[in-house]
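Take this structure, written in structure tokens, and hold onto it; I'll ask about it next.
Should a chain be cited, it is by its letter among A, B, C and D, assigned in written order, with residues numbered from 1 in that chain.
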Amino acid sequence: MADNHEHGDSHHVDYKKIYFTLLVLLIVSVVGPFFGVLWLTLLTAFGIAVVKANLVIQNFMHLRWEKRLMKWLLGASLLLMALFVAGVAPDVMNHEGDNWENLAAKAATERGIDGEVEGATVEGEPGEGVADAEQGEFSAQAAFNSVCAACHGQSGSGDGPAGAALDPAPADFNDPEFWAERDEQRIVTVIRDGAVAVGGSPLMVAWRGTYSEEQIQALAEYVMTFRPAGD
Amino acid sequence: MDRFLTQASTYASEIDGIILLVGVLVGFWTLAAYTVFFWLIWKFRKKPHGRSEYLTGEEKHIKRWVTIPHLLVLVCDIFIIVGAVRVWYNVKQTLPEADSTVRVIGQQWAWTFQHPGPDNELDTPDDIFSVDELHVEVDRVYHYRLESRDVLHSFSVPVFRLKQDAIPGRSITGWFEPTVTGEYDVQCAEICGIGHGVMAARIFIEDANQHQAWIAANSVSTSQ
Amino acid sequence: MADTAVAVPHGHHPAHEHHGPQGIWKYLWSTDHKMIAMQYMFTGMFMAVIGGFMAYVFRMQLAFPGVSVPGFGQVSPGEYNALITNHGSIMIFWVAMPVLIAAFGNYVIPLMIGADDMVFPRINRLSYQIFLLSVLVLLASFFVPGGGFGGAWTAYPPLSAVGEYNQTNLGSTLWLIAVILEFVAFLLGGINFITTLMNSRAPGMRAYDIPFVCWMIVIASILFMLSVGPLVAGAIMLLFDQTIGTGFYDPARGGDPILWQHLFWFFGHPEVYVVLLPAIGITVDIIATFARKKLFGYKLMLYTVIATGVLSFFVWAHHQFIAGIDPRMAHIFTVTTLLISVPIAELVFLIIATLYGGSITLSTPMLWALAFVAEFIIGGVTGIFLGASGADIYLHDTYFVLAHFHYTFFPIAIIGTFAGFTYWFPKMFGKMMDDTLGKIHFWGTVIPFNLIFIPLFVLGMGGQHRRIYNYEHFPELAGQGMYQLRQVATISLLVMLAFQLVFFYNCIKSWRSGPKAPKNPWLANTLEWTAESPPPHGNWPPDRMPKVYRGPYEYAHPDVAEDYWPQDQPA
Amino acid sequence: MSFAKPQATLRSVTGIPTGRLAIWWVLASEVVIFGGLLGSYLMHRIGHPEWADAAVHTNVWIGAFNTFVLLTSSFTAVLAHQAAETGDGKKAAKLLMLTIGGALTFLIVKSAEWTMEISHGYTITANTFWSFYYTAAGLHAMHVIAGAIIMGFVAFDAYRGRELQRVELIGIYWHFVDVVWIFLFPLLYIAK
């Protein structure tokens, strides 16, 4: 292995010089953004990061003297990451493409960051169904008819088409027995945390990810309207 | 394929066609490989005092026996790629002019279908919502807008040979054109929780009269 | 350091009872590569039994819905999901990976390249211990409140990320932690394999003198290492989504569920090759030995494998054709996917061509190896249906997919393992295996295997989709014929599982009372057959480490009278 | 540590010492881990221009100071390697201790910075920018902690003149940690 500059004490690198170069580059990259020019900021930020990284890798890590194999290896792993980003970006970075659009991401961009952090009662927004978001104003009845009615039926008697398949069957809100030991608070709990929270069927899932506290309250109130009068 | 399941959309036969094309090409190669494989095992079984030949596989005239079939495989690949890309382009990428648009919304564990209603326009007050029942008219081009309320679902209509995942936060558009009337399965083909197995719906493909009747019957009841 | 290192390579082997830990600890804390290989092997087999039991339970439920499965009881939908999820995860991460890469890699690499151990024995041991921890975490996840994770082994968010959706809050977190630990274990192990093969080959062993199986395991390790990184990052993100409520995969908060699919399959596709390559390596070695043939184009084979490995990084999104990726991307991935059939086809042709002009003995290991080729051809060609984007629209997530990847994974993880295990059994335990029992076990496994999965191809064509615990809600899938096909599959599975008892009986019987194995029972060329059976710690006496003079497959060479020519024999 | 190395460890067919060969492979696997995370971040960041409003709240000066600390510790690490090559274990150990000091400074500054940010309500769940911010910086900080601990052992041995080749290995790892931060700094702090 004659070509192998084996580790003697002699890489003939002036480490101090490289260190000071790095510091100067650091200062440039911090100062760059103060000019307020976008391309200059990007250049000083990322261009210099590449230069700095290269200096460290070549000199401190001695890649310059390492066998070619290792350069290939590191190069290949970086290329793989470029490949990954190239393959994923059309789906994740873009918010629309052929025959699809990412409504949630567009809404998030629209909403902006400040709206999100200041309204830091984050509960409200996340997971709001696309379909609901489009219909604007929240209506408990509309939500019930489009979401809950799948199993519980529009009349609330547990006869929704999807409910027919479920075991145990969905609750029948028109049944006086059902209300014998239930109150509004319990309905709120079940909608919010799922029936499992009160020892019921796991098929009734939790909706706190989809609806805000107020919306759940409104839904519960709507469910209460099914309660047969006369008790 | 036809024997398994009705072809009920315009592109069902295309998709079956590409499956058949792959099947024929691949079947041929599989049979060829098996024939050679088992023949070699039988032909070169151990014989008393037999000794194997010393072949490195580097000699050109011997290597031909592998490289020529290999090139033929490549040719078959090209046929398959061209066929697959064409079918994909027709089904997923192009959108023929729609006669009507429906919205399909998946949630744990039901499908909600938003039909355009009498005015044939989506997102108007006369839209008809139905759960686990999709009503469409035969021989009309439909666009679907696929959405999900919670987790991933997959809108799968086997008789159409159609399948598309629903992703929360996204709206994905596609199309189909039913060609026969009848009542068929709609499945959810992406695991969506413990109720995945009950997330079944039906699609009703009706002729124009039946469909108008259905619209009329349901417009009354939902306008409340 | 130099002075301590030249000294005895016999560190503390169990056989050297003077110092070092005693009792069970001497096995647990051994740094001997063969002992660690056995630990991986038996842990993997233990997990295979669990995975097989899971398959039995849910196949019973599918064939006879609602039946109370003997040994388990009624299967609820939640339990069904947990069973299929963990069957998949266990068979890939806790059976195929540890047995094929870690166990065979640990056992054969140092022996085949003429080294006395791995280069980092203690990191090797650490890797097994982390793996064992991951096993324990996974097993624990079945018994926490809510039960085991039920979001499929692909763990697509939001289902896997949000407790309200999957209803196995604790189970999914433990499952994810177990998977991350398992990755860490194999990263450590993989680096060890790679470094060992690169740096510690016996004097005289050039790159093309390395036995094929070593190449395969090391290439597999490299593939694993380069592909798993993004998923490790993604798994940490998913873990945060599950536990502290971040929104990496929550669309409403600026995240994206599709991102996970990309991260997962960027790893997931190369992962298939990670387990495939060692199995191919084992097969090729066995075929060369029992056909008494030099490999047909060793270099070409190696290049096809490297080409496959490189291409495998370019195809991942074919798992996501209909998962909501941009339809334009599907074209690119269809082309790359079908291109991968080019090197794989070449490789299979070369393996078949190796048989030409041979003198084939159909011993048990050879039968397994040939069965691997035969079954894998079906697994490979059915993949073309799924890689063709147009056909995938219909076939995606049906039982066709399921049958396809079982036709690849079963030959890999089960047939490949049995091939390797029966081939190296004399070396591992110093006893010969019973050939008759071995053949009974072989036919009792391979025939039922085909009877399980051929009906599933048909069901898939008929539109039956996956991960449904009961088809009664789908009128098109609940027909009489459909149930009959499912029952055929289930009964075949029962038969196959029953025949595994023959294997365990054979192992124990041969180990206790089999005839003693000579050093080189198969008259093979590679270096492991020059060591004692079983090899002591250090494999060879430290002053008589083997030297290498030629390639590993010089069978029936015209220059020698014998029909084999061991690698370490001077010319 | 009465552990005898196998002969395998001492062979070097490639000409690269075994330890160094392994450390490069470790780094390759680290490149893809960080690459996956930062690639995901980058795609989201470009797709969500509004994240710039969140990035405003990161403190460039603290980031710059930490960059300075890491660059300096890299410098002492490479000097330690130089000392180890001349066989001066004691000097190498001292320089390594300086490097550990750099790591500790980095971590202290980091935790002060995080405390401040969290008290302002910018927690990891505030929004996805902050989730990426804490995950990426946190994963990096884990590497700093691990590196500092291992470096402690290496320095302990080096001081007694044992295993001097490890000084170089831990150095290479440390420079890599530095390089990751060199990219994190513009990604998380400068680009607004």
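Here is the rule we go by: a residue touches a chain if its C-beta (ideal position, glycine included) is under 8 Å from a C-beta of that chain, and two chains touch if they have at least 3 such contacts.
The structure presented is a predicted model; accordingly, all values stated were derived computationally and were not measured.
Seen from the Cα centre of chain B, the chain whose own Cα centre is farthest off is D.
Each chain gets a centre from the mean of its Cα atoms; for chain B and chain C, those two points are 31 Å apart. For the pair chain A and chain D, the distance between mean C-alpha positions equals 27 Å. In terms of their C-alpha centroids, the spacing between chain B and chain D amounts to 48 Å. In chain A, 76-77, 80-81, 84, 88, 92, 94, 98-100, 102, 104-105, 108, 116, 127, 165, 202, 205, 209 are the positions where the chain touches two or more neighbouring chains simultaneously.
Within chain C, the positions touching two or more other chains are listed as 78, 162, 165, 167, 226-227, 229-230, 247, 251-254, 256, 258-259, 266, 324, 327-328, 473. Residue positions 92-93, 108, 150, 168-170, 172, 193-195, 198, 200 of chain B each touch two or more of the other chains. Contacting chain pairs in the structure are A-B, A-C, A-D, B-C, C-D.
By the touch rule above, chain A contacts chain D in their complex via residues 1, 4, 7-9, 15-16, 19, 22-23, 26, 29-30, 32-33, 41-42, 44-46, 48-49, 52-53, 56-57, 59-62, 66-67, 69-70, 73-74, 76-78, 80-81, 84-85, 88-89, 92-95, 105, 108-109, 111-114, 116-117, 120, 122.
Touching chain A in their complex are the following residues of chain B: 92-93, 95, 103, 105, 107-112, 114, 123, 129, 131-133, 147-150, 168-174, 193-195, 198-201. The touching residues of chain B, when paired with chain C in their complex, are 1, 4-5, 14-16, 18-19, 22-23, 26, 29-30, 33-34, 36-37, 40-41, 44-47, 50-58, 63, 65-66, 69-70, 73-74, 77, 80-81, 83-89, 91-93, 108, 150-152, 154, 156, 158, 161-170, 172, 184-185, 187, 189-198, 200. Of all residues in chain C, only 1, 4-11, 19, 31, 110, 115-122, 187, 191-192, 194-196, 198-201, 225-234, 236-237, 240, 244-248, 253-256, 259, 263, 266, 538, 542, 545 touch chain D in the complex they form.
Contact residues on chain C toward chain B in their complex (touch as defined above): 76-78, 80-81, 150-152, 156, 158-159, 162, 165-167, 251-252, 256-258, 291-300, 321-324, 327-328, 330-331, 334-335, 338-339, 341-342, 345-346, 348-350, 352-362, 370, 373-374, 377-378, 381-382, 384-385, 388-391, 393-398, 461-463, 465-471, 473-477, 555-558, 563.
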